[in-house]
Amino acid sequence: MNIIEEGRSPLFMDPDPDKAREFFRGKPRAMTDKRMTEKESVDKFIPDGCYLAIGGFGANRIPTAILHEILRARRRNLGFLGHTSTHDFQLLCAGNCLKKVDVAYIIGLEARGLSPNARRVMESGKIEVCEWTNYALCVRLRAAAEGVSFGIARSMLGTDTLKMSGAKVIECPFTGKHFVALPAVWPDVAVIHVHESDIYGNCHIRGISVADLELARAAKRVIITAERLVDSYAIRINPTRTVIPFYLVDAVVEVPFGSYPGNMAYEYFSDEEHLAQWLKAEKDPGEFQKFLDKYIYNVSSFEEYLELCGGIKKLKELRKLEALVDN
Amino acid sequence: MVTAAYNKMEMMICTAARFLEDGTTVAVGTGAPCAAAMLAQKVNAPNLVIIFEAGGLAPLLPQMPISVGDSRTFFRGIMAAGMNEMMTTCCRGMVDFAFLGGAQIDKYGNINSTVIGDYHKPKVRFPGSGGANDFASFCWRTMIIAVQNQSRFVEHVDFVTSPGYLSGPGAREDAGLPAGSGPYKIITDLAVMGFHPESKEMMVESIHQGVELRDIMQNTGFSPVISESIKTTPPPSDTELKVLREEVDPCRYIIGRK
Amino acid sequence: MNIIEEGRSPLFMDPDPDKAREFFRGKPRAMTDKRMTEKESVDKFIPDGCYLAIGGFGANRIPTAILHEILRARRRNLGFLGHTSTHDFQLLCAGNCLKKVDVAYIIGLEARGLSPNARRVMESGKIEVCEWTNYALCVRLRAAAEGVSFGIARSMLGTDTLKMSGAKVIECPFTGKHFVALPAVWPDVAVIHVHESDIYGNCHIRGISVADLELARAAKRVIITAERLVDSYAIRINPTRTVIPFYLVDAVVEVPFGSYPGNMAYEYFSDEEHLAQWLKAEKDPGEFQKFLDKYIYNVSSFEEYLELCGGIKKLKELRKLEALVDN
Amino acid sequence: MVTAAYNKMEMMICTAARFLEDGTTVAVGTGAPCAAAMLAQKVNAPNLVIIFEAGGLAPLLPQMPISVGDSRTFFRGIMAAGMNEMMTTCCRGMVDFAFLGGAQIDKYGNINSTVIGDYHKPKVRFPGSGGANDFASFCWRTMIIAVQNQSRFVEHVDFVTSPGYLSGPGAREDAGLPAGSGPYKIITDLAVMGFHPESKEMMVESIHQGVELRDIMQNTGFSPVISESIKTTPPPSDTELKVLREEVDPCRYIIGRK
């Protein structure tokens, strides 16, 4: 294979589809009750050193409860895949959970600013980084979902992003044109928050799916957190709506308001006040530790976190904001 | 009541909006690019189709999104899909404009949003490409809104995150990027710059009212080409300012306090 | 580029993504009223010699009205892309419309048997054929939809199907493993039948989408036939349901019962009686010509065809069959 | 009332159904394969997940589909997706069984469903691969139901549409097909054949009641390996026949008239 150019960063995951196939060969296919708690799912499927990917888009439809649990479980040396990752990345940096990251967008919080703590972590030199773009990561997941070792795109051509990636430039066998070969990535575990799931893991998502359909298919294990559980009749009555079928899923955790303080489309808006508190607290490392103790480490459940942040009154406000209802 | 007075951000957004043609597609980020697209839709380009990289298509935006993935980006939208859908739409050549920002820009319109300093020991780490590299690679015409100063407009960016014309004429095509795409306009608080059709170097096309050419030179880390037919940028109209202030950004998140 | 093996059949379409991009650059993006009649859409977008692809799956959710119109317009020398194509292929063979075909499944009618006339046409040696598999054709459309010149898969490896295809075997730059590079195909025109469309071409499909989402994105022009037109509010109220956005679409033709005699999920079952008549009529070429005159050539509209086949009474029966209602 | 009498098709379907293990996934075509999967689900593999290539997943099949894309294939299903979804599920190694037919089969389990005679001047043209080549390439274990005779079971197929073990041991892997996949069982009206673990040649594993080994030899265009532990295929049970006749195929589309 004639390789025209290649990125210098190491690949964190093996792109061999036959190794992935061997894993998937053994993955159970029966429809069984997969409900468990946040803690059980983290204990079972997210060990130290595993390679993690988070669904949603930064502070939209993110599985906050599992992220908090990962911090409380003091997980270390995780790999991470992040297209636009904002509050999720901020949390994992806060917990010093990360070791090597495939990234397209980190540290930043979109219009909210930049995370001072995540920036400190990323400037410390302790984290191995491989650069990609949002689409490049999407293609990597898509290739894995397709059971092949690479996908092609024209992202990154000509740029330093390519140089600091793990991609290779190849020639099209039909046109001679250059394309970037993007290695498939099968994350060890993906955590995805959805609107509805049945106890088997058949899921509905309303609104944008970001890269979660590819992610659910690429990941070896999938933990679903769901705003609500639904009866399987709700799945079978309209199978067109199913976006993640049960056989991809290993754990189903019911977490109402599970994307808080992030936005959950059609359910509740983001809590900008609380997200601003994060930014403020992060400025001073000492203050930040107290903040984390208060909101995560000394908290025993996601419900308790929701109560700390304002409970039902706050959640009702966020529902109104989402629905664009004034009062 | 709207007056002729306006701030720099308002000037930039109003100017940017005018470049968005009716019946075209534009991929935008949050902040000023999104404000410009919303303004264009309400003033000069009612059939502008706004695309968000996380999956939102053509929403009836009730307010400025905070994130390109928040629920506003597909509020009463035409489609709520995913990143693959939106990015491949760009890849196919169906997206006319991209709207980006960046920490550094060089004379060929290359953008750095990754690091200042050495990559492995960065002085400052920025977020990275996100979808910017993809948009700058695939959309036909890339526009950038940025405040102009010497540390931002540099001879060489520390890191080419997203491609402009790379090292000059033909370099995009040589690298394998789609033919005919590239940077189009840079809208700053001082001027509008395009790119010289042959040399692909940044070229001052119009200067905002009250700005002198030497202000531009002093705030640019390289010598831009000066267009032979250099113009004065028309100031925001009363209509533009009114719509921007009252409909696009009534809370003044982007345009700031008066 | 090191090519390990390549198929011997010619490519009928250019896999250069930049030529496709140039076309798409000029494609209108504004939301305009795209309604027209079957005849107008065929006159405008399906000239002699163009390369056509049909949505649905053989006799399920197919755009029968447009196919009939293509026959009445005596279109000749068409290219055709057919994953499992059954009644659609049978129709185009009946009209002698085809010249070169990229195929995975032709002649056959699944459990209904094989089309004697389509078999005669394909055994005549007058049609250029390039072999693929259903998934290979899906990957070719997907690659076009992704704006790249090829996609990869492991279909056809080791087989004569590969030898008679237009694919090339390449090595993965990461693993050294062999993959089949499948050239992108941008059909000149795709015709897709959907459940609902607004006047701009924003579409809903209920049930399986087969390869139509890829096809709608790959094709340079798209003609939509819709069971019913809906107001744009029906689109915007739930944008998650939109599977084909307006800017892909060039023509919207409202055709109730438009997949008849095929099946339309949630609407009406296939008319097995009429489809069996086709098989019977095809046995004798002379009889078949009379049959075609009766049901297609001497018919002025799709409504007239529906009337000939039993009209509302028949359609009510097919609705009951689809809904599994006994009487 | 169900009796022990049964026809060849019933024998084939009941035998095939037993090889489908509970809690596995199977990709099926219409006809006998689908009937076998339905029967298995109702008798020996209640958690069998049935996959249709056009997009239907795990329907509560109210009747036999006529097409692998008709509305029955996703009636009260778990998912109604598309071809890409189902085929990539196979590619990833998530599908245990594929169930195919074919005009010709050779001793390595290669299948021809394209042409008899020369490709360019065919004596008979068949439909081609459809999704069969994909299933035979990606699913772990391929099963074939076919009536056994000399014109169907041949030394060399005229055209390898779908891969068996190709030219023998290691050939699939050499061609680049996924390791560990391949033909598993051939269920005919005379016997069940597997493949020799080393030579990958078709091997008679069990003979149906009333069939002699020489019947098999006379109806096979090559000399199959005979298993050292050759068995008699258990006949359909009363339960299997009852469910097949009353629930799976009450109209006797597949199993035919008695």
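As written, the chain order gives the labels A, B, C and D, with residue 1 at the start of each chain.
Convention: a contact is a pair of C-beta atoms (placed from the backbone, for glycine too) under 8 Å apart; a residue touches a chain by one contact, two chains touch by 3 or more.
Just so you know, these numbers come straight off a predicted model, no measurement behind them.
Least step count on the touch graph, subunit B to subunit D: 2.
In this structure, the chain pairs A-D and C-D differ in their number of contacting C-beta pairs, and the larger number is found at C-D.
Per-chain Cα centroids separate subunit B from subunit C by 40 Å. Spacing of subunit A relative to subunit B, judged by their CA centroids, is 28 angstrom. Among the residues of subunit C, those touching two or more other chains are numbered 17-18, 146-148, 153-154, 177, 179, 206-207, 239-240. Within subunit B, residues 74, 80-81, 91, 138, 178 each touch two or more of the remaining chains. An unclassified topology is adopted by the chain contact network, corresponding to no line, ring, star or complete arrangement. Inter-chain contacts occur between A-B, A-C, A-D, B-C, C-D.
Subunit A contributes residues 1-3, 11, 15-18, 146-154, 168, 170-177, 179, 181, 183, 205-207, 239-240 to its touches with subunit C in the complex. Contacts from subunit D toward subunit C in the complex involve residues 30-31, 53-56, 62, 64-71, 73-75, 80-84, 87, 91, 110, 114, 119-122, 124-134, 137-138, 159-163, 166, 171-172, 174-178, 253. For subunit B in complex with subunit C, the residues that touch the partner chain are 22-25, 47, 49, 57-60, 74, 76-81, 88-94, 96, 138, 140, 178-180. Residue ranges of subunit A in contact with subunit B, taken from their complex: 56-60, 83-84, 86, 103-108, 110-112, 114, 119, 122-123, 125, 131-136, 138, 142, 153-161, 164, 169, 177-179, 206-214, 263-266, 269-270, 272, 322, 324.
Of all residues in subunit A, those touching subunit D in their complex are 17-18, 20-25, 27-31, 144-148, 202, 217, 235-237, 239-240, 242, 245-247.
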